[in-house]
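Shared chain: chain A. Partners: chain B in the first complex, chain C in the second.
Moving on, here comes the complex of A and B:
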């Protein structure tokens, strides 16, 4: 039974090893991407089969299998699958080592898996390290590009520092409670007289995880890293890495630090407010596509953080919904950016000029995804934002809900700037725009899922209501 | 204060001073050697806490392997690679601010942080008295690693694999003509 429950992790680790072996012998690196998609689908089946099983702590409590973890694993696998689908041509054109790229992105996902499927701090920390170490390398894989090296170095230095900060916070929790298991920690902290030290541990952990999810004021590495990294890696970091950070934040705050949760709500609400406002305001003035999307990602992290700050069952449900929708719309938008940068390497927003005439299908898809990022119906982004907004109002944080609405309005200009360039700009350099089947498929899946989540959100929301963060 | 306390203070002082020198040394070789001393100091603290196996592992792995490899890395790099672009390009203001930035700021930050943490830790009530570890630490560690923490242990091996793959991916020179 234990083995069935951790089958997803076993399959994903196996996929990484198979890719490692295939990389030695395969003549065409394309077969690695195909194997990757097949492996991802197999893992997805294993995860889906585990849905609805009674929550279980296996392997002496170092792995926890529950629907919360399964749901996040689905998000990671969706992202991993899409990355496998749309990366090939980009990697080929930019001369990135493909074998290593596919291997590392698989192991990074395995790290994310372990982060969400445990209440044991040691497993969570090792998963975090696995994911971030793989990400440092992935960010620096454009070796001819100095900006990619800069992205990797900045990410590495900040990441190593924040890992230290998180460990320091975790070590305080261990010292105060005598345990590394979040449930035992919560029990010990509930009666502990050391409020000052618990607060200190919380500060370190929230600051450290704040770095990982690129919340302001811990965001300084994010724009450079997201811009300089290879575009498929940026897509992965902005979605999967961030979602894993949020999952751990939820687990630690709502389970381990539950006795002290009340004192953190206002702090988190302020961080959420500052993060979304800073991200949106800065995104307006950007002229490079990836940098604009990087700041937009910071803003979106702010919206998701609202769910953590409100910390009610409704807000957690809204957060979970928004994170899946966010994964689809962001990865989809990056698919269009990748398609375009395969033809025009400059990656300026100007490149979108006249896209509607040259490739109406892509322009339409991009428009839908951007509308979803703004939060306009009938898209998944709209429904997710609405749910977050309602949970904030019901959770007594009306000002935060209001800030979300204002921020959505602020975000309209820069998202619309892309749409305007695609549809209204006169000059359109004549150029054949084409893409491989994988990228088209990835974009199609992303757009279809974004629309589906917007039009029929009820079944998913109904299911998400049953998910418990607490054991 | 007992003898152990004095020994601890001495070891801690050496560790902290050498860590500080790692940060402020202008020559990277000096920084690497100071780093080796820092690792020795940490091993000494492990020893004082009764973690004899950890202390031995710390010396073997960090002093013996990590520091040595760093020094190999320095020796195999060309001076240009180590120094980077020549400093003339930078402005005078940047170079005159450098000593303060390099030696003063880390000191102030570290002392301030330490003061806050010492105050907090002293006010706390710690549930278990520190320093009472069994003498048979290798057996205890081995048992914990291969029973209770077997999954994290396996994950650590994946982390090492990723580091290996990544080191090769980043460091290997591109074969020309491909």
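Moving on, here comes the complex of A and C:
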């Protein structure tokens, strides 16, 4: 029974090992991508089969299987599957060691799995480290490119600082409660007289996880890392790594630090406000595509953080919905960026000029995904943002909801700049644009899911309402 | 272990953590920054062990063992990245690593 519950983790670890073996013998590295997609689908089936199972803790409470964890695993697998689909040509053109890329991205996802499927600090910490250590290498995989090494060293130094800060916060939680299980910690904190130490633990943990989700003022590594890293890695980090950070933030704040939650709501609301405003305002002046998307990711993290700050069941539901929609629209947009950079390596926003004439399908897909990122119907991004907005109003943070609306307006120019370049630019350099089947498939899935989440959100929202963060 | 002794250990661990954090923010050599990270992790380890002794529970000590292992992996990766960086330029200094900005 226990092994059925952690079958997804077993399958994913197995996939990583199979890829490791295949890398030694396979002549065509494309077979690794195919095996990766198959393994991801198998894991997805195992995760879906565990939905609705009564929450269970196994191995002395070190692993917890509940719908909250399963849902995040679905998000990670969606991202992993899309990365497997669209990376091949990019890696081939840039002479990246493909075997290592596929293996590391699989193990990074395994780390994210462990982060979300536990209420035990030790497991959360180990999952976090597995994910980030694999990510450091991934960010530096363009070994000929000095910018990629720079992205890697910046990510590494900030990431190491982050893990030190989080670890210190965790040690304080252990000290206050004598336990590393979040439920026991919450019980101990409720009666603990050491309010100063509880506050200190909260500061360390929120600051540490703030680095992970690239919230202002802990964001300085993010634009450089996302710009310098290989584009598929940027897509993975912006979506999967951020979602894992949010999942842990929710678990620790709403379960472990629940007795002290009230004092953090305002702090988190201010961080959310500053993060979205800074991200949007800075994104306007960017001329390089990946850097623009990096600042846009910071702004989007601010929107999602609204859900944590409001901290009601409605806001958590809205957050969960938005994170899935966000994964689809961001990874989809990156698929177009990758397609384009396979032909034009410069990665400037100018490169989008005349895309509508050369490749109308891609231009239309990109337009839809960008509209979703702005939050315009009928897309998943619109519905998710609306739900977040409504939860903020109902949760008594009207100013934050208002800030979200104003920020969505600020974000229009830079997203529209890309659309304008695609449709209105007169001269278009003649060039054949083509892509492999995998990338087309990934982009198709992302666009279809973004539209589906916008047109028929009800079934998913109905399901998400049943998800409990609290045990 | 009495509360007074625990406090002593916690103060020491706080000082170590502050030294590590300050070093990481002020020093510019990636190697020294890496060492500062180690000091921060060990500050947390000291706190874990002190708390484990205070509560008479082994969990904190187990956590420390795992942290030491993870830190070793982290250092291995960190050194590899620093070597990669030196190959691109003779940068002994993180201030020289500034191709990405804006």
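Note that the second predicted complex is superposed on the first by the 471 of 471 C-alpha atoms of A that agree within 3 Å, B and C clash if a C-alpha of one lies under 4 Å from a C-alpha of the other, contacts with A are read in each partner's own complex, and residues count from 1 in each chain.
To be clear about the criterion, a contact is a pair of C-beta atoms (placed from the backbone, for glycine too) under 8 Å apart; a residue touches a chain by one contact, two chains touch by 3 or more.
Predicted, not measured: the structure shown is a model, and the values here were computed from it.
By the touch criterion defined above, A:347 lies against neither chain B nor chain C after alignment on the C-alpha atoms of chain A. By the document's definition of touching, of the two partners only chain B reaches A:110; chain C does not. Contact with chain B, but none with chain C, is seen for A:194 once the two complexes are overlaid on the shared chain. With both structures placed on the common chain, the touch criterion links A:136 to chain B and to chain C.
Once the two complexes are laid over each other on the shared chain, residue contacts for A:161 go to chain C alone; chain B is not touched. When both complexes are overlaid on chain A, the residue A:394 reaches neither chain B nor chain C. When the shared chain is aligned, chain B comes close enough to touch A:127, but chain C does not.
Look at A:151: by the touch rule set out above, it reaches chain C but stays clear of chain B. In the superposed pair of complexes, A:171 makes contact with chain C only, with no contact to chain B.
According to the touch criterion, the shared surface of chain A, contacted by chain B in one complex and chain C in the other, consists of residues 122, 126, 129, 133, 136-137, 140, 143, 175, 178. Across the complex, chain A is touched by residues 10, 13, 17, 20-21, 24, 30, 33-34, 37, 40-41, 43-44, 47-48, 50-52, 54-55, 57, 59-60, 62-63, 66-67, 70, 73-74, 77-78, 80-82, 84-85, 87-89, 94, 97-102 of chain C.
Against chain B, in their complex, chain A makes its touches with residues 6, 13, 16, 20, 59-60, 62-63, 95, 97, 100, 103-104, 107, 110, 114, 120, 122-123, 126-127, 129-130, 133-134, 136-137, 140-141, 143, 175-178, 188, 192-194, 196-197, 200.
Contacts from chain B toward chain A in the complex involve residues 117, 120-121, 123-128, 147-152, 155-156, 158-159, 161-163, 165-166, 168-170, 174. Chain A meets chain C in the complex at residues 121-122, 125-126, 129, 133, 136-137, 140, 143, 146-147, 149-154, 156-157, 160-161, 163-165, 167-168, 170-172, 174-175, 178-180, 223-224, 227-228, 286, 288, 291.
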